[in-house]
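Look at the two complexes coming up: subunit A is in both, with subunit B in one and subunit C in the other.
This part shows the complex of A and B:
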């Protein structure tokens, strides 16, 4: 959550809000009236597409199984996942109007009066997906024990986090590309190691400065501080940081080792019947695109030839 | 809404639920436990990508401006749009927990007791996008009067509609590709005419049977019946129908003429200052993909060579 409070300008470049205004002026992003909800230009979309192709190339030999989930998942899955314990403030639950014609007339009257009508809705079975891999674990568990050598998945999803901010790198709805490795502790740690090497190589090939650092998730409340400390002490989370819009650089990739947390929670078994371990590497696609626009300028056509060659080559 | 009540099997093929089970068995879709929320296989995703490339090819000479919005939009935009008047039952509003540590403890206790905790949330500023073009009109209005000859946009978004169903062609979260033409009545009608010709040509090139028919939106309640009749009487909506999972064929593309509805509502002006007219063609990407799997089989590699050549050629 630190980027919210740290909007001091990076040397000579202005802060997060200034960068956001620059993106609006250049038409890279389009304002909608709500912080963290923006339209994206065709160039922005193409940069994300080309970056994803590059990621696929780096992952090429790994033979991942591609599986895609929509930006919403079943509420019972999120409830069981522990997300509401750790990050209740970020979750989003979809509510809908389920009344009849009389209730509808009341809704329209409230709307016309400028009153808050939203209590006329009820919670649906749908919550917004907080990270691309959340719907994966419970569905994979149903396949039975993993094959020898484990499995690797290639995912992409829009994700929601309720944290309105004027930092363009902290959107409420953003896309996450993710590789998830499920298997033995050795297999999943080796996977994470491979991306801790590939990640910086990939990002530097795009002319972007970066560093890897130990990190923790933004756990809620006082109890959360302890969880964050544990996560750090055990070296479970690393981030690849790029200076984007704040003095403090922005996490654009993250490398997470879940131990057997999801394996035990959802009953995912290794071939030998013991709980599977898992690890993931996540790419914040909007964040990487924003880093490219920040470092190489608002006009894609004017980006350094070396960068264009890597993306469009 | 009729597909919900009509699950009679198409000749020799079984009904919607049977088709859904077939898609699960073949691994084309993955069950999540909530009707209308499914995982998609890599093949399914590739079919959608190739179909989109084909759409872009058909639209090629039109020089559309690509703009992308996330699957959520500002609540005030939806409130002003009239959507809650016409389709209150389909809208989805994102609610989040905004309490402190004591409220959080209560939430966790309710969750542990299996009680309904969802009232501990409040409405956020975010609603789910019901159709790809909804966030476009208010943002375009801010650009000032349209240039001579009007404008054309190329959009794609995940859309939400709260209508849980076991018809795989009626998902709660699905992707819509859309072209939106804004300009004079003649310009936008000519645009719609061009897609009423291109659409069937494109679909038939994929070895799919189709027909164009007059249609109406599923307006809510008794007053909605009149709106639906008006829409039909004025020929404002056409659909391209393909037999997918029901006796009644499924609308996979739609062709809509909005007259000056959005132009007047949002203040979008033609070059001469009068309210702009608009029209759109929407492609239900999941529906088209499902039609292809239904007609050509569960294994993409076994699809007719002629179809593969069009998609992968």
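This part shows the complex of A and C:
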């Protein structure tokens, strides 16, 4: 069915900024003064909760182990993960004041003078989590060799990426729900295949148009160009795209096959001792919610009955 | 030029196997060249041959074998070796 309801602005029309302003004036999102950092309304949160319940229903038979980490992770873990090689521009490190009383007086003076007081801040052991699965791999490695058949996890975290934008679908702090499969190449590929089928089915059940496309991560610099080309050549990343607020549709789900990258890096072993392979499916929860508001209107009570039945039924 | 490429592969431990066991057409990825290692290797080749790979060459194919690397470098420095 054509998922665009009558209340939906045509995708690509109006642009991202106009959609953001609509969300503000409807009270769905609340402005904070920093692009990509917004308050969420009760309706918005409820949509995310209902959507997550739907995701769990689709995944239910898989019996994933649920494990939630906070939105901050150990700095050494990020350093070892290779994230800074690939995405230095997106990473966020938490800094704090660690001085004495004299430094505190200086800090207050600088604040009062409108000077840059952040010089007095030092890096802590905490970095902001860039993707929900990053703290998982070292955790799994610590458990020792995996059981036969591998493992499956259900994760969720607020994630940070430093890319301020007035596109509401590109927030600096957003939630990512993820299923991560770790096991043999065959097991993890089968897992990804299953979600490449389930994902579009799930999204279409919400009256949203979508398509799956080959994709690459926004790797940094010239070396990143090569990583991106490698990723595409090997078909390691697919995205489920929904028209939201831009001419280009927005990636709302992603399906990633890491090969043995994390298995080798963190020493995660299969039952036979060889490095484990891994794959994940990630749901950009805010992006899916924004797609729903974009296509079905700002008032959830007015959404098509068929969509309401799937979410609230 | 192929000898210099081989030497670099050995020095930088670009692959998991002894470089002498590789033919000029052997697949370096099959021999253990990882995505990250291929970037270090690319930068090392640029240093060694004083070249800069253009964007169109920053692909998996360019670095797939000694012969493929040789061909790309030859094209860049404009001489057949």
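Assume the second predicted complex is superposed on the first by the 300 of 313 C-alpha atoms of A that agree within 3 Å, B and C clash if a C-alpha of one lies under 4 Å from a C-alpha of the other, contacts with A are read in each partner's own complex, and residues count from 1 in each chain.
What we mean here is this: a contact is a pair of C-beta atoms (placed from the backbone, for glycine too) under 8 Å apart; a residue touches a chain by one contact, two chains touch by 3 or more.
These numbers were taken from a predicted model, which means no experiment stands behind them.
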Contacts of A:85 with subunit B and subunit C, given as first, second, both or neither: both
A:94 touches, of subunit B and subunit C: first, second, both or neither? first
Which partner, subunit B or subunit C, touches more subunit A residues: B
Contacts of A:225 with subunit B and subunit C, given as first, second, both or neither: second
Subunit B versus subunit C as contact partner of A:233, first or second or both or neither: second
Subunit B versus subunit C as contact partner of A:61, first or second or both or neither: neither
Touched partner set for A:301, first subunit B, second subunit C, both or neither: neither
Touching both subunit B and subunit C, residues of subunit A: 85, 222
Touching residues (chain side subunit A, partner subunit C) in the complex: 82, 85, 222-223, 225-227, 229-231, 233-234, 261
For the subunit C and subunit A complex, residues of the former touching the latter: 34-36, 38-39, 42-43, 55, 58-61
Residue numbers on subunit B that touch subunit A, as the complex places them: 30-34, 37-42, 44-45, 65-77, 79, 84-85, 88-98, 101, 104, 107-108, 111, 116, 118, 121-126, 128, 135, 138-139, 142, 154, 158, 160, 162, 164, 171-174, 220-222
